[in-house]
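Each structure below is given as structure tokens.
What follows is a pair of complexes built around subunit A, which joins subunit B in one and subunit C in the other.
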Partner chain A sequence: MFWRSIMYVPGNTPSMIQSSMIYGADAIVLDLEDSVEESEKDSARNLVSCALKMLDFSGTDVFVRTNSVDSKHFQRDLRAVAGTCIYGIRVPKVQKAQEIVYIDQSITEIENELSLPGGIIKFMVSIESALGVINIKEICQASTRLIGVAFGAEDFTYDMGVKRTKEGNELAFARSTLALTARAYGKIAIDCVFSDTKDPEGLRKDCEIARSFGMTGKSVIHPGQIEVVNKSFSPSDQEIGQARRVIELYKKLGCPGVFSFEGNMVDLPVLKKYQRIYELYGRDKVE
Partner chain B sequence: MKSASCGRTKKGDVLITVSRIETEEVVINIKSTVKELYAREIERTVREELSRAGKTSMEITVDDYGALDFAIKARLITALQRLEETGDDKNVLA
Partner chain C sequence: MNFTDVIKLNKVFNSFEELFREIPVNDGMTISFHHHLREGDAVMFQVLKSIQKTGVKGITLACTSLMNTHDFIADMISEGTVSRIQTSGLKGKLAAMALNGGMQEPVIFRSHGSRARAVSDGELKVDIAFIAASAADMFGNANAIDGPNAFGSLGYGVWEAQNAKKTVIVTDYLSRGILRDISISQSYVDAVMIVPAIGNTAGVKEGSLKERSNPRDSVIAADVAKTIINCGIELDQSGIQMGSGSVSLQVGRYLSGYMKERDKKFKFGLGGITQDLIDMLNNGTFESLLDVQSFDPKACNSIRNNKNHHEIDVNTYANPLNRSSAVNFLDIAVLSATEIDTDWNVNVLTGSNGSIIGAIGGHQDVAAASKITIIAAPLFRNRIGVIRKKVTTVVTPGENIDILVTDFGIAVKESRQDIIKNLTDNGIKVLKIEDLYKKCISFTSEPCTVRFTDKVAAIVQTPDGKVQDYIYKKV
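Right after this comes the complex of A and B.
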């Protein structure tokens, strides 16, 4: 479970759905919420359901963004996609732990009805309000089925009554809080979208900020953003090479508690950082 | 005669209109940018879905813009559901 880029795909546009798996996003989110007008919720739901059953999404993990739990669509959305090839659902505008419990119970009911293995359908939630940010600790603790939290900056800044800027200072506390809390409870933290699809440098800077807060990946709204995001949330070739050399030296020295690498001390916490990079990116090149 | 439709007249999509008819038959009208190549497949997809849903006495108009099977099927399902919601689906075996 490692997603650097998670691309939103409008759920009522067949041409976008059928090509969504070819752009290199680590995961995609077929959207039944904001990109679908109210009068077309039924058609999007059926379109996404048929796509999941009839198209080949192998090579990318698929989520479906349902409508929020307080909408009349949530249960129908969930039922339309349960038992298909989805990795999980992504539920927007979550504000309280009670909603997490409700989502978990709803999924459990459907898994039982369809005789699916218990716990096979995972879920992420989007935090998009001040209340959601304040309640993030309780939200993260409310279900083991919850695998991560995503940040929704547009709704958040609307809720806060502030303007969203490219610099993103207005988002700093929320981003940091979400990433910190998610990490504390073993969840992934997915950063908000960067809305300007024609500013790759701005996107790259935004990724750096998100990564510095501890976000593990980022939502994207256009295929052209995937490469920048994947690169930004991956270590550089230099970092990968360094990790490989550290691990090789560690093994050569008989796995000592502390050792020196190119003049720098490597103890357990430092070693763990290199091991994480090595496990994710460097292993194939060493063995 | 009431009808219901779903879909869009955009590339990769299909607009499907369904109506109940008095005679017990399925009438399928296909207009497609790829009719020569795919009319038979489109008709098969439509008939399969109607059969699965147990629908007879229907006229189906397919205005296709190169939609794949999943889109044709989904648009048809939705159009049938919308027809049912209009209450004009009472004579249809469902």
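Right after this comes the complex of A and C.
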């Protein structure tokens, strides 16, 4: 479970859905919420449901963004996609732990109805308000089924009454808080979208900031953003090489608690960092 | 006519009436036009309307290609001025008319190389070639890089002038002095016809250049570039033709960066020349450009000022009877397709509903000659699959195609084990075309077969003049 790039795909646009898996995103989110007009909610739900049953997403993990729990669509959205090939759902505009409990219970009910293995449907939530940021600790603790939190900057800045800038200073506290808390409770933290699809350099800088806060990946709104995001959230070739050499030395020395690598001490926390990079990027090359 | 008469010969005409007194157009003649001005062409309209006024009937129209702007010819076919068409491509009303049985005889489709062959071996005898030129002088010398409506290379016109019985340069700019740059020599020119305007050069770009931000095209382009880099061809000093569409533009940019980083240069770039290719010439990606047709009027300055930007005629480009034609020196070609079948046959002329929607261009010539031919196409367009069990019309036979790059993967013909090995050794996943076909129909389902009558609407020739396939009138 490691997604650097998660691409939104409008749930009411068949041409985008059918090719959504070719762009190299680690995961896609078929959207039934903001990109779908109220009058098209039913047809988009049917379309997404059919697509999940018919299409081969070629190893790309698929999420569906449902409408928010307080909307009349949430239960229908959930039922339309349960039991399909989805990895999970993404629920927007979550503000309180009670909503997490409600989502968990709703999924459990459907899993039981459909005789699905318990816990097979995961979910992520989007935090898009000041209240959501403040309550993030309780939110993260409210369900083991919750795998991660994503940050929604547009709604957040609207809620805060501030202007969103490319520098992103207005988002710093929220991003940092979400990433920190998610990490503390073993969840992944997905950064907000970068709206300017024609500014790859701006996107790269934004990714650097997000990564420095501890975000593990980023939502994208255009296929052209995927390469930059994947690169930004991947270790460099130098880092991968170093991780490989550390792990090789660690094994060669008989897995000691502490050892020296190129003049630097490697203890358990440092080793874990290298092991993570090795597991994600270096294993195939070593073997 | 004695020597004095010859040197006093006035070639310049200001009215078609006078021109046709000197060079008569008669019933049943074959006249030709080039398509350098593409959708911006106004010459064919002026010439044909003037011929129509004379009451001449039964003209065979031999054009290097026909575009939407030539829809007016449909009415001339209906009332008998024009009877037959020979071309590389057909669009709009004319395409519909051909398919609906509106022509007396089937349209003959030839590639650019095949046409060059046909006019030189006598299969296509042109009585009068009307050649649009952006500039001419009083002796009849002409080019397409001077004058207010300059459009670049005059590659198709040059060969027409050398092979037609009579050649008329049609221009809107008569130079006061002798032209410095001469594409068509006065030796081949019988008359210069001055018209108010030869057309709108903004139309030159239409139909060739598409917007650049289509993400599916970007995926295909990245994989085409990756394929070219890893297929086993030494790119330094190689020859390449990339085409002019959105995918080609992006392939060019990928390759440009790759070549520059490694201090490599293509020996030459060939085919329709875009501004992007000119930029690549200027930044050192190419040593030379061989320009048979400019897809951007800005090519004029480059042809005039850059000695490595060569205007070439279509005989030099792709005549199969010419051992030295440039296509024979191609290492890599990237071509498009409306359809490709599991036997690798390619269609670029008709759509899956049987309609004529494209043009052969240089497709057959380039595929036959290039060491490696890559087809770049999406797996499906809207809901229509590009990969079929059998293409609607075979334009380029499968034996001349090596690789298919789609947005859903890369397939290599099994007989090209060398390419398969090179790509897989470099970590590129290679599929069979049947795998891509299965993937295609998983989206689109098995396509229905279009029903045709047994009436031949058009004949598609091979480069050497045999029948490649027939296009039939639809039910």
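Quick note on the criterion: the second predicted complex is superposed on the first by the 287 of 287 C-alpha atoms of A that agree within 3 Å, B and C clash if a C-alpha of one lies under 4 Å from a C-alpha of the other, contacts with A are read in each partner's own complex, and residues count from 1 in each chain.
As a convention for this text, a contact is a pair of C-beta atoms (placed from the backbone, for glycine too) under 8 Å apart; a residue touches a chain by one contact, two chains touch by 3 or more.
All figures in this text were calculated on a predicted structure; none of them were measured in a lab.
Peer 1: On the superposed three-chain arrangement, identify whether subunit B or subunit C touches more subunit A residues.
Peer 2: Here the partner covering more residues of subunit A is B.
Peer 1: With the two complexes superposed on chain A, say which partner A:Ser15 touches: subunit B (first), subunit C (second), both, or neither.
Peer 2: The answer is both, since A:Ser15 touches subunit B and subunit C.
Peer 1: If we overlay the two complexes on their shared chain A, which of subunit B and subunit C does A:Gly224 touch? Say first, second, both or neither.
Peer 2: In the superposed model, A:Gly224 contacts subunit C only, not subunit B.
Peer 1: Touching A:Tyr23, do we find subunit B (first), subunit C (second), both, or neither?
Peer 2: second
Peer 1: I'd like to know which partner A:Leu47 touches here: subunit B for first, subunit C for second, both or neither.
Peer 2: first
Peer 1: Once the shared chain is lined up, is A:Asp56 touching subunit B (first), subunit C (second), both, or neither of them?
Peer 2: second
Peer 1: Going by the contact definition given at the top, which residues of subunit A touch subunit B in one complex and subunit C in the other?
Peer 2: Residues common to the subunit A contacts of subunit C and of subunit B are 15, 18, 55, listed in rising order.
Peer 1: Provide the residue numbers of subunit A that touch subunit C in the complex, in ascending order.
Peer 2: For subunit A paired with subunit C, touching residues are 15, 18-19, 22-23, 55-56, 222-224.
Peer 1: Touching subunit A in the complex: which residues of subunit C?
Peer 2: Checking each residue of subunit C against subunit A gives 213, 215-216, 218-219, 382, 407-408, 439, 442-443.
Peer 1: Taking the touch rule as given, give the residues of subunit B at its contact with subunit A in the complex, in rising order.
Peer 2: 6-7, 10-13, 67-71, 73-75, 77-78, 81-82
Peer 1: In the complex of these two chains, what residues of subunit A are touching subunit B?
Peer 2: For this pair, the touching residues of subunit A are 13-15, 18, 42-43, 46-47, 49-51, 53-55.
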